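By letter and in written order, the chains are A, B, C and D; residue numbering begins at 1 in each of them.
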Amino acid sequence: MRRVAIIGVGYVGFRSISPDLSFKELMFEAAVRAYEDAGVCPRRDIDAFVTCEEDFAEGRSIYNIHTPDNLGAVLKPIHTLPAEGIYGIIDAYMLIRTGLMDTVAVESHSKASNMLTPNYLIAHAMDPINRPLRFNPYFIAGMEMNRYLSESGTTKEQCALVTVKNKANALLNSSAAYADRISIEDVLNSEMMFYPLSRLDISPPADGGIVFVVACEEKAKVLSKKPIWIRGVGWCSDTPNLETREWGEAIYARLAGEMAYRIAGIKDPRKEIDFAEVDDTFSYKELQHLEALKLCRRGEAGFMVESGATQRDGEFPVNVSGGSLGVGRLEEATGLQKVLEVVLQLRGEAGKRQLPNVKVGLAQSWRGLPANSGAVVILSNE
Amino acid sequence: MSEKIKVWPGTPLTDEDFAEKRILYTVWEPNLKYAWDTGIGYGRYFAELKKGKIIGTRCNKCRRVLLPARVFCEWCFRTVDEWVYLKDTGTVNTFSIAYTDWKADRIKEPQIPALIEIDGSDGVAIMHLIGEVDPQKVKIGMRVKAVWKPEEEREGAITDIKYWKPLEEE
Amino acid sequence: MGMRRVAIVGAGMTKFMRRAQETGKELAWEAAKMALDSCGLTLKDVDCVVMGTAPDAFDMIHMKAEYLSDGAGAWRKPYVRGFLGGGTGVFTACHAWYHIASGLFDVCLAVAEEKMSSCMPHPQGAFFTCWDQFTESPLGTSLLWFFAWEMNRYMTIHGISERDIALVSVKNKKNALDHPCAQVAADITVDDVMNSEVMAWPVKRLDVSPTSDGAVALVYAAEEVAKRITDKPVWVEGVGWCLDTMYIGQRDLYYPKYVEYAARMAYRMAGIKEPDKEIDIAEPYDPFDYKELHNAEGLLLCGKGEAIKLLLDGVTQRTGRQPWCPSGGALGVGNAIAATGLMKVAEIFWQLRGEAGKRQVPGKPRRGVAQAWGDEMQVGTVIVLGT
Amino acid sequence: MPVEKITQVSQTKPWLGGLAPRAGEPLLYGLYTHGIAGERFFREIKDNGKFVGTRCPKCNLIYLPPRIYCERCFNGLEEWVEIPNRGIVYTFTAAYVDLDDNRLEKPVIIALIRFDGIHGGLIHKLGEVEPGKVNFGMKVEAVFKEKEKREGNILDIEYFRPI
């Protein structure tokens, strides 16, 4: 089967609001940059387009009505995945592997600031039988964190360290909206929201747009000096039901990771992968995901962050970009922000936060509340 | 296999099942509210509507007028070159006579929604309503003119034009 | 470079209903379970699942694919939802194809579900949340306007009468009498259509397909596996999809260029040069009666404006040379948007295997095309199947 | 000369909207049937104040809330089982804000209640207990509304309380 590479990236943002651009203009700007970066003309060179958006998050049903114009996809194959951005990369990867397409663009964006009732948005995703309870849906995160801490022995302080680390990492990322130098106490003393989840354990929303150009080997070698190869992909949905799911362990991430490792031929992920951008929608999620992805043993993630191993200069850097806690959570584009960071690092274009000698990176996403699914992609510069 | 299946799955309900409370259900009002950024193109389009003017943009590469105004040309995938004012007269491209509203309820007075090709745009149409006319007399190709709300009632929206009425050509 | 051959090996569907008691999950399970049973597979054999379901505003559940996943058989499996508005059903069929053709999986379950009745006060209300929120929806824009505009334009350009178009509705509702899952099968006349209540002229009540609840599922397998499962694999020969600009005023509605582009993509892959001759049966999308003709022209089954002649000559009847919508289509079986799209693919599957029961078209068809349309008169999705 | 950007804040404009085309028109809302399994589940609660589940003989799992299919093996489930209304707290949280982001004076304790030998459980609030006193594995029982007031939904259970 054909090898597939990312040959162009473009992004706009990431800010807490973006009133100067409509969502269409935001998509256009990100796309122009990605096509420029890849050296392609979308009208001539791109065979297919994939966008990742959710209708109610955008406030438009059948959102794909509004997509082709903004990407140069008019009268071309373009489809939407109401899914997380990494699923879009995977769809492009599959399309290219079939031999049907050579070059595919992937887009996702966030206009989270335009959604005025975000709690109700998540409540609207709940199983209707539970809706009459009218709970704030973040209770799910509180219950999950509680169970995870109890099962794994991780502490709230260790979770707080994740927020501290990621916000500090974001200080070196000029695209991050929520960079800050804060202390563990700041996190622990922030208002209790859903015990044991405090306000600073929750990633705040941000706006932004991200576009990738993905290509087959022959095209990638002609068009790009630094193609970033997609070595493995994986995705998985565990049960969506709150009642029957496992609360202590992120099984969807474990299975998605296993699939990606199998495709990439990775036996020992911690050794063979140099750094990772994993979902940190909530501080504890980063730890839970590191364990699920076998980047440490179960119950060890807390110690890993405590020992400094996941710091930028640590042995296994995690969320060097600042993650969602530092950059802001970008709705369906959250995973693409993680892929973006991995691509920039592998290209050696990450500026002040550049990691030395990195060859293989992993990006992982979670679908967000109340879902129980996610995706993984493993990238390499050789 | 189609012919081998005796009973196809599915349990249809009737309105009576609900009226007579034979069936349990949940009702949920989603309470989803938005404030969408209008951005550059629509922002100016609305500002001009408030002044009683229709504005589009032009792409000098494909030589098309883009309407409603937008800042990039979807066909050439490049930023457009200029703003162009258009007339508030046009030609009916196609129309309907609607007796039901958006939620499929009957309405008393039929509406005449139409696509109207705006003069000066080389045939680009916008969506709007036709009024002050016997519905049976509307034809494709009919000439129409915008009827604007009084200036003080305009709010910078497509509804600043009340509707379009037949144009008596001089 | 040769592509991996992919076959459809099983199919299942629920009844199409105005309002189902089943939840969306339960509908999805009923169809998916039936599809697996039909080819003797269990959930263990399934490597991945694709979901097709149109806007969340119908089921009134945000991220509804997540909610539906266990019903679709996605428990701890790779699972993703593809979306192209009304074109979703047939896109789902294409989506499943490339999951396997990519070489990542051998068996894929494709499920399309729609529970439109959850949307109140009327499922049609969901559509006003589709149009451009700045320049279109504030006019109180209704779904029917679009179809009325397109139908009017199509009739006027080609000089076609409402009466002639009504024959599509008569044909499809009659075909549906033989479909065990049909919601609005009926033996009606052209006069019945003409005399039905005008909703948005020229669209009358019987020109329109009903909103529906229902689900359809197909099982896909790679060549090696398919041959082991069945003696009668139905091969995916071509897939295509295409989306036009959202600015409806910037193009002419009389012809669906986007369907043509999608069809050309699928025909190129299938090696079809003369679709009017090389295709035995077709399931063009027929949410409105004129739409079958309009879409068939886009599918290049005849020239522009010529579809009406084929209809009047009986060519498109079930016993004709090239039957269109032998299932009964959306007009007869019901229009559970995404599920209807996949129902059309299932119909081609059953017809090509000679398993369509009373609906079976004569003469052992060996190649068929299914198509769906969607969005703001924008989407064409096409799949070509062959034996 | 390309068209320029917005350079003045006064030129930005939010366009308000929701689930109706214009202010004053009715909003879209959802009407959800409980489904085949859900109908029986809530009927039992409403009429008899009892929980019932369905059993998958193949996976040996009893589902609560009941399903008509097993999510693991996909077989249809037909065997209905009565489930005692006493369970344990599997995990819990104390919510300090409500759905409208209002800060609550007294947090609501929300828990997943699981039952012995049962796959699944019920999400509900805990009553008659202080936030600091809740722990994993705590035994609780359902408190139902009075029979006349029950409507056949999850609110027919008022809350779970410690035994």
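In the analysis below, a residue touches a chain if its C-beta (ideal position, glycine included) is under 8 Å from a C-beta of that chain, and two chains touch if they have at least 3 such contacts.
Predicted model only: the values in this text are computed from it and were never measured.
Ranked by distance of CA centroids from chain B, the top chain is D. Centre-to-centre, using mean CA coordinates, chain A is 36 Å away from chain B.
Chain A and chain C have CA centres that are 33 Å apart.
Here the spacing of chain B and chain C, counted between their Cα centres, is 26 Å. Counting partner chains per residue, chain D shows two or more touched chains at residues 5-6, 12, 14-15, 17, 19, 21, 26, 28-34, 36, 38-39, 71, 153.
Within chain B, contacts with two or more other chains are made by residues 11, 13, 23, 26-28, 30, 32-43, 46, 71, 74-75, 102-103.
In chain A, 19-20, 56, 59, 68-69, 74, 114, 120-121, 124, 128-129, 132, 239, 241 are the positions where the chain touches two or more neighbouring chains simultaneously. The touch graph of the protein chains shown is complete. Within the complex, the chain A residues that touch chain B are 18-25, 28, 32, 35, 41-43, 56, 59, 68-70, 72, 74, 111, 113-117, 120-121, 124, 128-129, 131-132. Against chain B, in their complex, chain D makes its touches with residues 1-6, 11-19, 21, 26-34, 36, 38-39, 42-43, 46, 151-153. Residues 26, 28, 30-43, 70-72, 74-77 of chain B are the ones touching chain A in the complex. Note for the complex: chain A touches chain D at residues 19-20, 59, 114, 119-120, 123, 128-130, 132-139, 142-147, 150, 191-197, 239, 241-244, 247.
Residues 11, 13, 23-30, 32-43, 46-47, 57, 71, 79-83, 102-103, 156 of chain B are the ones touching chain D in the complex.
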